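Dropping the structures in below, format is structure tokens.
Paired with subunit B in one complex and with subunit C in the other, subunit A is shared by the two complexes that follow.
On to the complex of A and B.
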């Protein structure tokens, strides 16, 4: 157990140092276009992964909520000339409120119907933005949004922007990780797997789903503020169907079962979109093929793939390999007659969130 | 037992979080940047030029999405200009780096950033569409040491308002393209009252604005303007509310939108003749058969090129295009034309400064500002906003002896400037072109 823990801490430290030192060794282009872009796309995808992985709700409305926040901030700061913090607060609050309204509409449905309703919500926002002239300035959108001066922090400096975005991404990640393990998150996972059973245990499934969707909207709102600063503008093109699907692609590529997958997926996605075009005009095909491969062969996404590879690697060098392999298998679902405790609920999952976490391995050793 | 592990796990994560935040605080404290804020929107970063025995040119066009075919033709224009120089200028080899966008401003700016900052091009040419042009122009402001030339983007405000000192447009804009059409419709075709139907974004605003500026000036009236979203397929609500006491309909719809509107208008029994925007009467419209055929005949439009311009320079350009791109379009589009002219301007200027890109490309900038040269469509020079002054062509749809339709050149409007002859301060005072400006009901 202790060796695993040391390994984990060491791995984490290396990752943190790499992330922090990234602007020191990478070119500004990489910091801006790969680093920052991956981070704010990752934040939005993080909300989606939480929704999909923990709540079982695959939402297509995340980019629309991103847009609501970005537009609100742009309108408040550019059109009305108010200070940046008013814009940020208004943007995030408005996105959260709209997410709550969307949730009230869509949280009653599940599966494909949920996807379709959130898609309708996304298109509603998109077409409003595209056709309204008074607030959103139609197809052209709102230009001239500038990253602000936050006290001594010059946000228009790429390195500073990177660190601020990194900090926010880390906070969102850790916050979601915490919520996922808190009673709320466990109940949510229970609802995802068997809403009726949780209802009979006294949990309000609808309220849990609405709250989760609103939370994801809040996160998309944060992403929207960062993304709009990054772009320096927002237009319907930033939230159209392509962008909506991109976030889903990022989440699935990274792995819907892991929160970390959001960032892995985002980095992969930005790298491919930026650099595949140097080799081929058909970089969308490259992304499409990667998506297909992941969806077909690695349902846990790139992060699941890398964990599996790591596992196989350690398995071959360690004589305890056989043991480790057995422990990592998905926990068998309890029979329906068995009363679920909070622990069996968290283990009884199609998406294997908890069983994929190393804690489960440690537990059984 | 199990819940205990979870608590332990949480504690460990809390410790790791603290560690993370501590390190983050440490690094942000000592790694704080000293760069000054930029004047344009978004983020910027510095970069350095390429080696001295080559010139790197970046070209940006929409190679994916709905305008992919147009973007491909734009790229042909770039390649044609470079091959005219034998692939080198001032003794240096030209390296062309292509980058694609999907006609959205954010993607265009990211692609421009990649060309400038990652590929380290010496200058870039692009983008293709209006809103992209505004985004790239704003980005250009954050890269004052690089030269940006327009592709075919034709939003007027790219150069007229908030222009960037290092963004040059040797192609004409959507307002200029309409020069002569309003007068022709009023005087030659006798139209007095015309309604407009156009897509609801910046490029058609320019087109409608350009048409109306002239049409209203000579005494015409536009009682009603219809704005439809891009990609509209059902025009029944528009068609049924078009007044009957009109002499013509000005249609600025691109691609299939134009054909869809025309079909539905004719089916509805609409009788008014059509006046077209610069991209309305394209090959799709010209190849129509049946009832539309007669209606399309006689449609006037205007633009930066005329397919059947008999001028020798144009004919030479067309045959060079056809020879280099056997699988290209039957005749170079206005996108190929615009990219070609901007690329040629860049190469001529590079030749004049002998490839000297020192001191933030200062010499190149001065040379470009004063550059005058002959294009396949006559002479071009820049105004003080670095916007082209060039010829515009008024055409009318006519039929050849075999019955096929084509755009016949009827009038050349020489040296059209950005404000269509209106003094600039007066023009600017009218405010930006929009749904409601100009107006002459």
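On to the complex of A and C.
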């Protein structure tokens, strides 16, 4: 086994142990405010990163789909008093269906057009929730959504909630990772890079995009269920423009090219919003500045930044002996494929690609 | 019938306001392919600054003229400081404008707080007007908004069709590289157009803020309506923005009057219909 591989396995083990042991050493405040919140925001951001990184579709509709699921569940369980699982199933299904409708409308477009149309879709969901009094109860929204009792699992207990959310987050992450490497995911990446060529090869680009967006809607729906249980309520304020943009902020801060970025961004975001607010009221300005800095200087987000730093560090250490070797390595032609495409690409080559063309990804139009 | 005329007038005048807001958005997009998601924030900035100027000097007209100019300066700074260095990378430009919009919204909230601000509109514009032909009385101020929209529309048309700058802008929309290849300072034109777009957002802020009130969250509303107007009308087309704004204004007012709960859904449905029949918008060109 190569050293890189051993390092990876060791790192992964430490991470898993840390995540599992987190409620044991952290205060309840940390578990609730940072742990759970990062996880369910991270789940929604995962869907967005999959859309953006693998499919080239930066969507602003994810929080609206989150809201559709949360509202549906709240209406089913609180207004109509049906059991929790009916609410969960209805919420996720409804969010997925609406995502499919949104996808049919917007998947013809790409790049900035896609952003505009999904933003319009998201804001329309918001205004509907705000205006409607029959189902969504207008500006107040629906209160009193209780985390349920699932057999012996007491979801209202913060530690239990944390572990359930962690499990779901891990499943969603692994699922997306798998789909990204399956034939569907590879075709999707091909479509992202060159839709015309993939069309000529017989792939239906539109169908791939619609399916991906629907899948991301399903994930946003799961996030919506968890988030609404967490908040105990849902209102238009949970899905307004700020929240809509926050998910994009999380994804971009973490790094649009890496699925892991969703959780890195979410942890960073919840840390800033929780702790910056203790010494300044302007934590949104802090978030905005961080976002601006990432958008301007580090298009690969915090993960890209840390990988780049690591790469520079290792290069400096091994510089003397390996100088000739390094320069003889073939430089990969610029392409948008700096994403974690397949395992056959070795770790440091991936880094090379990532640093060689940090700007390629944006040229989608 | 009288009610119908009033609702129609509401729709048309609201369309005028949407047009002023969306024209700047569309202009910037058409030439520079920048989706300025801070457009709503520039609207809100204009509305607040205009209120402050009006409050300090007591002159509403002064606010109407100076606040948009201030917003234009902010717009040029935004373009020069941030967008210029990542020019051509459309997605990153859109992300940067989102970052700017977060910061502007937060700083405005810090300075103005969460309450509503009401403008003091001059008496000459404030009273009702008797429209003899249509047989209804209608607020003069709403007609003033329509007049401003017409002036902006005609002004933009003259600028684009009958001036050298307009010629450059139109050429730039078609082929940016060629324009710069024949020796025109495209960067200067970009800065001017961004300033003009921001100025229109600021102007919409003052006239829109005077119509109702100014409060946090208006940035999202006007960003949304600017988006819908250009999606329906066609991106980058001023004529399209006019048609889109009129349609959105009318449909939303009829919706609000006759099917209040679902007015948002009707606007949404209109967007879907246009996108499915003409994906590039009513007057948009395929790119």
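One rule holds for everything that comes next: the second predicted complex is superposed on the first by the 316 of 365 C-alpha atoms of A that agree within 3 Å, B and C clash if a C-alpha of one lies under 4 Å from a C-alpha of the other, contacts with A are read in each partner's own complex, and residues count from 1 in each chain.
Operating definition for what follows: a residue touches a chain if its C-beta (ideal position, glycine included) is under 8 Å from a C-beta of that chain, and two chains touch if they have at least 3 such contacts.
As the structure is a computational prediction, the values presented were derived from the model and not from experiment.
For the composite obtained by superposing both complexes on subunit A, the positions of subunit B and subunit C are in clash. In the superposed pair of complexes, A:160 makes contact with subunit B only, with no contact to subunit C. Within the superposed three-chain model, A:133 lies in touch with subunit B and with subunit C [touch as defined at top]. Of the two partner chains placed by superposition, only subunit C is touched by A:112; subunit B is not.
By the touch criterion defined above, A:240 reaches both subunit B and subunit C. More subunit A residues lie in contact with B than with the other chain of the pair subunit B and subunit C. In the overlay built on the shared chain, the residue A:284 is in contact with subunit B and with subunit C. Once the two complexes are laid over each other on the shared chain, residue contacts for A:230 go to subunit B alone; subunit C is not touched.
Here subunit C runs into subunit B after the superposition, and of 111-119, 147-155 or 183-191 the stretch doing so is 111-119. In the superposition on chain A, the residues of subunit A contacted by subunit B and by subunit C overlap at 127, 131, 133, 240, 242, 281, 284, 359, 362-363. Every residue of subunit B that touches subunit A in the complex is listed here, in rising order: 2-3, 5-6, 9-10, 12-13, 16-17, 19-21, 23-24, 27-28, 31-38, 40-47, 63-64, 99-100, 102-107, 109-111, 113-114, 117-119, 131, 134-135, 138, 200-202, 229-230, 434-435. Listing the residues of subunit C that touch subunit A in their complex gives 33, 35, 37, 82, 85-86, 88-92, 94-96, 98-103, 105-107, 109-110, 217, 219-220, 223-224, 227-228, 230-231, 235, 260-261, 263-265, 267-268, 271-272, 275-276, 279, 287. Taken together, the subunit A residues at the contact with subunit C in this complex read 58, 105-106, 108-109, 111-113, 115-117, 119-121, 123-124, 127-128, 131-134, 240-242, 245, 248-249, 252, 281-282, 284-285, 287-289, 291-292, 295-296, 299, 359, 361-365.
Residue ranges of subunit A in contact with subunit B, taken from their complex: 5, 9, 12-13, 16-17, 20-21, 23-24, 27-33, 36-37, 127, 130-131, 133, 138-141, 143-147, 149, 152-154, 156-161, 163, 166-167, 170, 174, 177-178, 181, 229-233, 235, 237-238, 240, 242, 274, 277-278, 281, 284, 343, 359, 362-363.
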